[in-house]
Amino acid sequence: MNALETLRADAARLLGEGRAKVVIGYRTRGKKRAPVFITDAAGAGSLVYDAACRQNLAAYLRKPEVRTLLPAALVASPPVMRSLVLLAAESQIGEEDVVVLAVGPASEGSGEWRYHGALTLAETARLLKEKYALLAPRPELLDQIQSLAAVSVEERAAFWHEAFAQCTRCYACRAACPACYCTVCLVEKNVPQWISTAARPHGNYAWNLIRAFHAAGRCTGCEACEAACPQGIPLMLLNVLVAEEAAEAFGIKAGYDLDAEPLIGSWSADDEEDFIR
Amino acid sequence: MSGNLYEASVMRIAAVREETPDTRTLRLEFADEAARAAFSRAYRVGMFGLYGVPGAGECALCIASPPTRDRYVECTFRRTGRVTAALADREAEQRITLRGPYGNAFPIDDWRGRDVLLVAGGMGLAPLRSVLWNLLDRRAEFGAITLVCGARTAADLLYKDGLAEWAKRGDVKVTTTVDPGGETAAWRGKVGLVPAVVEETVPPNQKGVAAVCGPLGMIKFAMPVLVRLGFAARDVYTTLENRMKCGVGQCGRCNIGGVYVCRDGPVFTLEQLRKMPAGDL
Amino acid sequence: MKIVDVDKLSDLAAALAAKGYRIVAPVRDGDVVRLKQWKRGECVVLDAFTVNSVKDVLIPPSEVIGRYALDGDDFTPEAVAAEAPKTVVLAARPCDAAAMAVLDAVFNWDFADTFYNARRAATTIAALACRQADEQCFCTSVGGAPDSTAGADIILRPADGGKRLTVEALGEKGEALVAAAGEVVQEGEAAADAVAEVPVRFDAAALAARLAENFESPLWQTLSLACLGCGACAYACPTCHCFDIQDEGTRRESVRLRNWDSCGFGLFTQHAGGHNPRPDQAARWRQRVMHKFLYFVERFGRLACSGCGRCARLCPAGMAMADSCAAIEAAAQKAAKR
Amino acid sequence: MSPQADRTTGEKAAAGQPVGTAFEPRIVALVCTWCTYAGADLAGTSRLRYASNVRIVKVPCTGRIDPLFVLKAFEGGADGVLVSGCHPGDCHYTSGNYHARRRWAIFRRLLEFTGIDMRRLFFSWVSAAEGQKFADLVNDVVEKVRAAGPFERTNPARRRP
């Protein structure tokens, strides 16, 4: 059996054995991929997986309607696996809630993929550490961050002003992100109103910054937010900037450790403070 | 029609009354006589207004004063969110804004010659207060008038002065009730949920009209009681209090099925209510 | 017949700009093509689907509808005028133009909205008939067509294999625009290109009847399971018009803003008292479908969908209005057979 | 009032002085009540002179200083922001300043990357005994922001009506 056939067979078996009430995976929708929720073993044949599957399905685990269907088996690429480990570390899901149908690249840049099997969260964390410990952001992103960091602060302000000006505040970025699971988002709290909800420059600036900040040490690099943004705002530049800082300054990479302490919310006596006088 | 429909009238707060620990009534007077006259011409009992505090926003509230007393407008609100908190922080002689009146009305002209039962729970007394005053100001035109009104506790009853005044008049029968546990040592009213008290105190074979306002749960339980008492579905009225922003049928959030509460309501009959999708209420 | 060369579109835009028009046209912007204020030198993109619709021109995402000078607890209202520069939307899609009727109906129902109407009056829509459709297009299912002239002031039709556009003014605004264009638009002959073929996905009239019967259907739960509850579809939609009103400002000044809002958000209907009439995404998705294909029809006699397919193109969760409509119809047919 | 006239008053207020005179920076200082505020107090009671451009916002602990506070200050037109609290180990709530330190380290990177000049954002530890340090700090901050110039035009967070 090839990878896809094994994946489908596992999905059918989990549903048949009652180990999962729903399989959340990808199906074909024209030239695109869409999520599919399979509750009947006979439906497992509709599962597909390839590089076009950019949505992070772990985002569904916060949805009340989906939570009634737990335990769920979830098709997960390495960044999605990291999201699942992060959600477990943050007590959003339990070991018994999820079976991970782990998929990953067969080899560097080949476009081919392989199936690692149906894993528990603990096995997923182990797989991540063994096989995907060196997951790095796309080099283009790092290049872009570097070149933006090299220009004047006014030029950066102008770049982001233009980028954020397109934001309509549809919150697709938030919806697509598994780490954004607050039932009431900060931007929806209006007594007092901290962040303007109007699609105007100051509110857009505050929203996009705070969204990235709240994902600090939690973003797993899946790029679902950027893929979700209808306006093409380069959100990953912010996410990667923060993730790199989290890794370099505090040694924290999100979603590898089921017992990880959160970056914001924990501290060390010898954290960097050369910027403090 | 021309002009910015979001331009509101400036209102002076003539008086502030504490109704309950978290509920207040503001008596508002128009800063502009032409605006007052226009409001008075349009206002029928049951319509609502959008009360605004610049800097905080606007919120939709019923108009708690009747059209028969058109020198002022009263609104009663509980401090709940951003706008009601700002309204609650305003004091007498300060100013707020008002848009409206919007929506439909209780067809009280059609009620002439008939008995009227008003059933209110909690904040639901606010819209029925304007109905009651309107009926009382035109007392001779209507049959027997009965008010059954309840609150969670004795302290939560609105319009204590009004209740006392109505009880004294003799031309309206007033029954008050509090939820079990909400009574005090001095409480002389009933103890029990409003629908049960209605069933207990209102005689059967009713031929008149009834208006019910209060929390959705109370309305749902009161409706079958009223039907059992003989009220026809077309004679039972209620008001729906959906979230609103524009008040004029454009912002799209007050829909229940195809009904726009701001425009087709807020007053509906039980007959209309039955046609609405229950899952959207 | 009047003709303009496709490679002269920038000249056309420049000529109109010289006559005082603000030009809004599809231009490339990073990875996307959007309707945006055209700047000299920019290329007008004809063969792409824009991420935003003409709605943006008529109802901006955020707009000042009130202004107050604040002084402690007191205030002074200030007059607000609509910003309504003379604008032409060049090469809008016919589905966007068709959506104007929906917006016109809402904003002139029993109250007329000054802001919308001022911009509507100042805007000329030059629609471009579609040579190509994609798999998300479904204008033909909702009474439209890839070369529909509904709502347009001018219709541009591709001709001579996409090298030229024929120009037909459809009313006074359109004629004024052609006159303003001057020499760029010339008399000539051109062979019309074939318009796009857009297959009919569902029967909208039958759908309305199905919807009326199926408010309580379990299908809503299934159809909405993938929905993540963002506003991408509503904000991209040329007919969606729901809005929020918010005050914000400083201690000295406050503005009252009308901001886009979406029935997909949980807060949209949340009562102050805590009750939410639409507590889950199934109820919200049902509202979205029902409003477009049943409630709006009952109220205004027309569909609140023009079949542009943006919602499906942009949904981060692979949802599609046309899929839902087709699924409801299919389910109803299946039920009828049994 | 026309929008034009309004903008003018906005500028006046932002610079805290009539148009036409020299630029006086407006600084918001977010400080904890136990250390830096007490330090500022000591500077005052010791009659130390320091620039009057600082508006102090006192919070219980630096741990309470949400990055939003910094954003809000810039949004409202601050030319510079100073954040200050207890030295490491001195927090009256044991670890509030350690938590804060991490937040700032991350958030300042975001601000810098999106166009807020780090010559306008300052972090420091000032204890209750360091009245002189507070006065020197404020003077230095004011001079640096003065050198950076008014933030009105290029401030990406600025609320514009």
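Note that the chains take the letters A, B, C and D in the order they are written out, and that residue 1 is the start of every chain.
The working rule: a residue touches a chain if its C-beta (ideal position, glycine included) is under 8 Å from a C-beta of that chain, and two chains touch if they have at least 3 such contacts.
Quick caveat: nothing in here was measured; it's all calculated off a predicted structure.
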More contacts between chains, C-D or A-C: A-C
Averaged-CA centre spacing for the pair chain C and chain A, given as whole angstrom: 31
Could you please state the distance in Å, as a whole number, between where the Cα atoms of chain C are centred and where those of chain D are centred? 44
Rounded to the nearest Å, the gap separating the Cα centres of chain A and chain D is 35
Centre-to-centre distance between chain B and chain A (centres being mean Cα positions), rounded to whole Å: 48
Would you give the residues of chain C that are in contact with at least 2 other chains, written as numbers and ranges? 244, 246, 249
Can you pull out the residues of chain A that are in contact with at least two other chains? 193, 196, 200
In chain B, what residues contact two or more other chains? 81
Kindly provide every pair of chains that touch. A-B, A-C, A-D, B-C, C-D
Given the complex, residues on chain A that touch chain D span 145, 148-149, 153-154, 156-161, 186, 194-196, 200-202, 205-206, 209-210, 212-213, 216-217, 237-238, 241-242, 245-246, 249-250, 263-269, 271-273, 275-277
Chain B partner, complex, touching residues on chain A are 190-193
Interface with chain A, chain D side, in the complex: residues 67-68, 71-72, 75, 88-89, 95, 98-99, 101-118, 122-125, 137, 154-160
For the complex, give me every residue of chain C touching chain A. 29-32, 34, 51-52, 61-62, 135-136, 221, 224-226, 228-232, 234-236, 244, 246, 248, 257, 259-260, 262, 265, 267, 280-282, 314, 316-320, 323
Taking the complex as given, what residues does chain A use to touch chain C? 29-35, 37, 55, 59-60, 63-66, 166, 168-172, 174-176, 188, 193, 196-200, 224, 227-228, 230-232, 234
